[in-house]
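First, the structure itself, so that you have it in front of you.
Chain naming follows the written order as A, B, C and D, and within any one chain the residues start at number 1.
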């Protein structure tokens, strides 16, 4: 997917504020779920939240207002309880950012959800995508 | 109340991005409700939301990272259905921003709430504050 | 232009936080300038900033995560010193937001710029667009 | 330092959006630099930027609107070229977040700066603080 950098995403360094990449990781996850046919909106409507457990990110090059950021995402691990994802962001082919995230699945009340039991359709969709995801950037196929 | 301007609130113009003043108006409203003894958290816990209906704002001077913004707020009108508020923001005594907002009261389902019936204690607290609010900046009295 | 509502733009009311519409107004202005062939990036590169002087906005309906917001923008007044714009936002054809903004033109040092003298090409582009802009939503022509 | 959670920092999960903790880490760094007597504003005024190179963060418990977050920060490594910091966030004594960040020092043109040569006073202030920083939370001493 692509994200066009907005003016309001810059800071007084003249480049994108680093917190926005964390938001773009979320955009990319939402896009990933749309692509596998199980929108995040549906997951929440069915009572499961998928909050972030941890992040590891590296800022490689600044990017700025007007840049078009190409974001690729893949699932790197999923055991039905924790899902791990990796992100690669590029501007004009050059990598600007790399990151990974881990997520858990919770009910609205905060209890852990075993996805294999609760949402087998989601699990199947993720596994199908994982098999296909070489190369990582699904948007290259569009 | 005071708001210390954060680095992440600036943009590439080198000053605060204009959308943040809208957020500071919200901070000031929350602070107002704390001061009158009816925290917004309590209002929501009791089932009433108070979304923004309209805003009118003027940006008078830029402010930037590290500035301490003094925000004063007052209720300028309240009929139990719509509440109107005015905001004045200053840095070092000089006005940087002026604004007004209007709000309605809704249930979680989106139905209008008549506050005089539903939350008479809130109405009484607002009215008490309106009588006292010369000068506007209640924090000067603290 | 269209804006897909992001999860990070929602708040605990379950809908878009009102400050984000102010940011979308900016997105729409940037898009407007792209459309008239004078990108805002170019304006700043040539030494002219165009900060917001005032806003007047009405929130008509909430919108939320996943909604696709159709934003139309037009210039409603331009005298070379102040530019006035109007915004209309719709989800599924239904209006959710209306707003106007006024902007000035400044050098990096904060001095007012007379655009007719400094950027006649920009002025001509705006005037050309104003003549064409019935209907307001240029994106309908795309 | 303390950060009072704002309504605009929540999302539709009903808790703070995870990108805000990244912003609070920045608040805590700025506060750290104020405390050691070398404000970040001064560093930038003297021509040195200190962008984020990497982040590693863990979200331990959600926090929400109205919570008062106690943030402690310490420098865990500094060789004059890269500075490493650690963050601990607590609400009511219970840890909600842990993170680390690495930063480099750059000129406005993007060249690396050797701080020992360029800003010896900053280096001395950091080293002084590192010696003192048991316990980590300097604000406990205030």
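The rule we apply is simple: a contact is a pair of C-beta atoms (placed from the backbone, for glycine too) under 8 Å apart; a residue touches a chain by one contact, two chains touch by 3 or more.
The structure displayed is predicted, hence computed values, not measured ones.
Set against the Cα centre of subunit C, the chain with the most distant centre is D.
Of the two chain pairs considered here, A-B and A-D, the higher C-beta contact count falls to A-D.
In whole angstrom, the spacing between the mean C-alpha positions of subunit A and subunit B is 35. The geometric centre of subunit A is 25 Å away from that of subunit D, both derived from CA atoms. Shared interface positions of subunit C, defined as residues touching 2 or more other chains, are 7-8, 12-13, 15, 19, 23, 26, 65. Only residues 7-8, 10-15, 17, 19, 64-65 of subunit C touch subunit D when the two sit together in their complex. Against subunit C, in their complex, subunit B makes its touches with residues 12-13, 15, 18-20, 22-23, 26, 44, 49, 51-59, 62, 110. Within the complex formed with subunit B, the residues of subunit D that make contact are 6-8, 23, 26-27, 30, 39-41, 65-66.
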